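Here come two complexes built around subunit A, the first alongside subunit B, the second alongside subunit C.
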Partner chain A sequence: MADVLFLALSVLTIGAAIAALELRSLIYGSIALMGTLGGIAGFFILLDSPFVAMFQIAVYVGSIAVLILFTVMLVKRELIFKKIEDPKRKFAGIGLMLITMVAVGAIILDSGVKTITTDSAPVDFRDIGVDFLTYYWPALIAMALILAGSVIGALVLARREDTVENGQRTD
Partner chain B sequence: MSVIAPKFRLAYFLKAIIDNVFWIIILVALIGIPAIQIGLFYGDLPVIEGELLTAFLAFTWLFNPAMALPLVKSLIYSDLFRIAAFPGFGFAALIAAGTIFVERKMLAKLQLRVGPFYCGKIEGILQLAGDGLKLISKEIIIPAKADKPIFWVAPVLFVATAAAFVSLIPVAPGGWVVADLDVGLLAVFAVIGFFPIITVLSAWSANSKYPFIGGIRALHQMVSFEIPLILSLLGVVILTGTLNLSEIVESQSNFPWIIFMPIGAIVFFTAMLAELERIPFDLPEAESEIVAGWLTEFSGMMYGLVQLGSYVKLYAFAALFVVIFLGGWTGPVFWPPLDEQVITTGLEIPSYTGDPFLTISTPGLPLFDADPNEWILQKQGELQYTTGQLLISGVIWFVLKTVAVIFFILLPRGVFPRIRIDMLLHIGWYKLIGLSFVNIFIALGLLYTGILGPGGIL
Partner chain C sequence: MANELIEFVLVSVALLAVGIYGLSVKRNAIRMLFAIEIIVNAANLNLIAFARFMPEAHSGGQTFALFSIAIAAAEVAVGLSLIIVAYRLYKNIDIADFRSLKG
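For the complex of A and B:
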């Protein structure tokens, strides 16, 4: 059952990724991107970590894909994209991807991934929280500062001085 | 005087009926029975009370009401029943249908109108069925330059997402929930994130001005109000230390969280109104500005599906409010556990010699009172399902609270005007997010002073 699911998810994820690259319609491309991200969430569920899977869906499908969709809808693609049909570039890209994937796969296989016991119990998300607050606290603090900085920066950039504060008409 | 069917002939009518019967018999014999046989070949038959349920046994039980009880029980405990009927879609759709009718009547009364009046003689009680029949029988018109696949799929996806939301809501104690996840609240957030995608995609695919403006407005509104929606629930998560919705309900057996977190409840309620596109936040379907917003191009049952989905979503949000802030199904149990003798043999009324001369037995009773000790068993965590008085009183409390919350969701529609988009975003980004942080700090204060939370005083 898990093998069938894994194969189906792999086909979904990789197929949607290829579709996201190859489709001419930008909207369908971004829908395919959502399919890819959802497939990765499915992998997380298969790996017994629903916490990460739910965050994958909520953040990547629910927010980032929506932002991409929104941006795509606001641009006129004829104005900014020039069509370049060059088979050489395509094959070069595919070759580069294959080389990168083989290299990354070799690194992962060499890193001792085969010695991991696969039937261990799933990690409770409370343990992840405890680890974050004790051993990995500098990383947590750094992430929090970066996120707070980016949010404050975005608010400062988006703030407009020329609007009337609560300019509701009363007449 | 006009006749409904002027060319009616009884012979043609009978011929049509006989034709239909003939074709039904042919189709059942050629497709239905082989399909059932193939299914029986591969599928496993359920074992009920130690007996393999064959088709003969099922028919035997069906025609004897007293013996049909185990069949009904096994049906109630099945996954299909939970998904389709009770805590799942059927229950939600029933409440949603009731909501539509109550909304129309109640708003009419608020505004000194009559509301639906003529359908069904008594206060227009059949208006809803009439509307449904009208929507089903109407033609579905698709704009010529619409993006057809997305346009067709969007209403179905909308209903499916609302149903997925409903499936996460626990309704009664003891596992009466379709999907009891450890990360239930996160799953709720993940499901909520799909609504703006579907909205904006359907709006774009209609290839029309008004839906597109409505869809962009809906996207703005939903995305920006998701943040206070999520943040306002974190206080409860901090204090309960769990994301499982059933455990959150069980943590409120003494007091509901709204007592300690009224700010979070208010923020959640406001964000909920915005997510549901209710007045005063109904900019995406503002009928006086952009015809019907992102619903403009929908017609027939596609519009009906979107309406059904939005009211199922309304029920789900109200139920989530009840689960998190109002204590879900907790409340006084209505009647004590029944005596075991009443369930098994019936109530015996003895004569003066001591022999029972009359036995009052209720054959339907064992359906809901399988185990008289289920209260104790459920406290010990040994019971998978509650079926008896716990189920009934839990459902009654849950429905009462949910209906009250739905009433408060409907009420602003009769009272408030629509607000501008910049005021809406100002409320969402400045006020609600700030208030939800205040709520989180209140929760943290209660936790660190040791009043609430794991190991707290209360």
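For the complex of A and C:
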């Protein structure tokens, strides 16, 4: 049965996910998103994967959430607080959410997932490092190239096109 | 293990449902990105949970989750810069306003 720590983590994660979508201010929303990502890192620790948990905190909470915060601050003040949605669509969305939850949940509860248990020791995180540098090295290099390419692409996309008119910059 | 696999999977399903709700209801581009992040994290949670409960996978599940996190970081960088470009063109982040590619 679920223990107290697990229940607290679940409430934190799902509650923060709902708050991230529903809070009026986008800034508070992105801070709530940080809570969701941190809660997922907590689940990773419960699952005996401390390496992935640290990676999650470093990449998601440390960089992606901060990147989102910076982008939110680039947007005009009124837009941060304005909520744009029509109520009919909102009820349809809540219905879709409940249907997804009940349907997928029922399928999973009915499947054999419930019977899977394990007594084996968790994977040592040193094995992950060894695997990364031996078996998975081509994938690691491809990932590095993808990351570099996407960062360069993002920079090119977000660049200001400063036009020079009459020898003066117009920005 | 103190907790069972089914509990983690159910939390993951709940997060997926919240993410789908956000994607279908919100019109704010940044909020839709939040929803995408929540869905990606639900998928990662599933990966790690199944990797823990299937010992024959060795470190494969965790390695795959690490790759998934890194690719998600790249996706967010590109998505945010697209939002910035669209905001510069339309002075708005409402996706209903993004009607033409020309601006």
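In this section, the second predicted complex is superposed on the first by the 105 of 171 C-alpha atoms of A that agree within 3 Å, B and C clash if a C-alpha of one lies under 4 Å from a C-alpha of the other, contacts with A are read in each partner's own complex, and residues count from 1 in each chain.
The rule is short, and it goes like this: a residue touches a chain if its C-beta (ideal position, glycine included) is under 8 Å from a C-beta of that chain, and two chains touch if they have at least 3 such contacts.
Here the structure is a predicted model, which means the values were calculated and not measured.
Enquirer: Could you tell me if A:Leu133 is touching subunit B, subunit C, both of them or neither one (first, second, both, neither)?
Expert: In the superposition, A:Leu133 touches no partner, neither subunit B nor subunit C.
Enquirer: Should A:Val151 be classified as contacting the first partner (subunit B), the second (subunit C), both, or neither?
Expert: It touches subunit C, and subunit B stays clear.
Enquirer: After lining up the shared chain so the two structures overlap, which partner does A:Ala106 touch, if you call subunit B first and subunit C second: first, second, both or neither?
Expert: neither
Enquirer: Is A:Met73 in contact with subunit B, with subunit C, with both, or with neither (first, second, both, neither)?
Expert: first
Enquirer: Could you let me know whether more residues of subunit A are touched by subunit B or by subunit C?
Expert: Between subunit B and subunit C, the winner on subunit A residue contacts is C.
Enquirer: Can A:Ser63 be said to touch subunit B (first), subunit C (second), both, or neither?
Expert: both
Enquirer: Of the partners subunit B and subunit C, which touch A:Phe55 in the superposed model: first, second, both, neither?
Expert: both
Enquirer: Could you tell me if A:Met97 is touching subunit B, subunit C, both of them or neither one (first, second, both, neither)?
Expert: Touch status of A:Met97: second partner only.
Enquirer: If I apply the document's touch criterion, which positions on subunit A are contacted by subunit B in one structure and by subunit C in the other?
Expert: 51, 55, 63
Enquirer: Across the complex, what residues on subunit A touch subunit C?
Expert: So the residues of subunit A in touch with subunit C come to 2-3, 6, 10, 13-14, 17-18, 20-21, 26, 29-30, 33, 36-37, 40, 43-44, 46-49, 51-52, 55-56, 59-60, 63-64, 67-68, 71-72, 74-76, 79, 83-85, 89-90, 92-94, 96-98, 100-101, 104-105, 108-109, 113-114, 116-120, 122-123, 127-128, 131-132, 136, 139, 143, 146-147, 149-151, 153-155, 157-158.
Enquirer: Quick one: which bits of subunit A touch subunit B in the complex? Just the residue numbers, please.
Expert: Checking each residue of subunit A against subunit B gives 27, 31, 34, 50-51, 54-55, 57-58, 61-63, 65-66, 69-70, 73, 125-126, 163, 166, 168.
Enquirer: For subunit B, which residues are in contact with subunit A within the complex?
Expert: Contact set of subunit B toward subunit A: 147, 150, 181-183, 186-187, 189-190, 192-194, 196-197, 200-201, 204, 216, 219, 223, 226, 241, 243, 420, 422-423, 426.
Enquirer: Which residues of subunit C touch subunit A in the complex?
Expert: 1-11, 13-22, 24-28, 30-31, 33-35, 37-38, 41, 44-45, 48-49, 51-55, 58-60, 62-63, 65-67, 69-78, 80-85, 87, 91-94, 96
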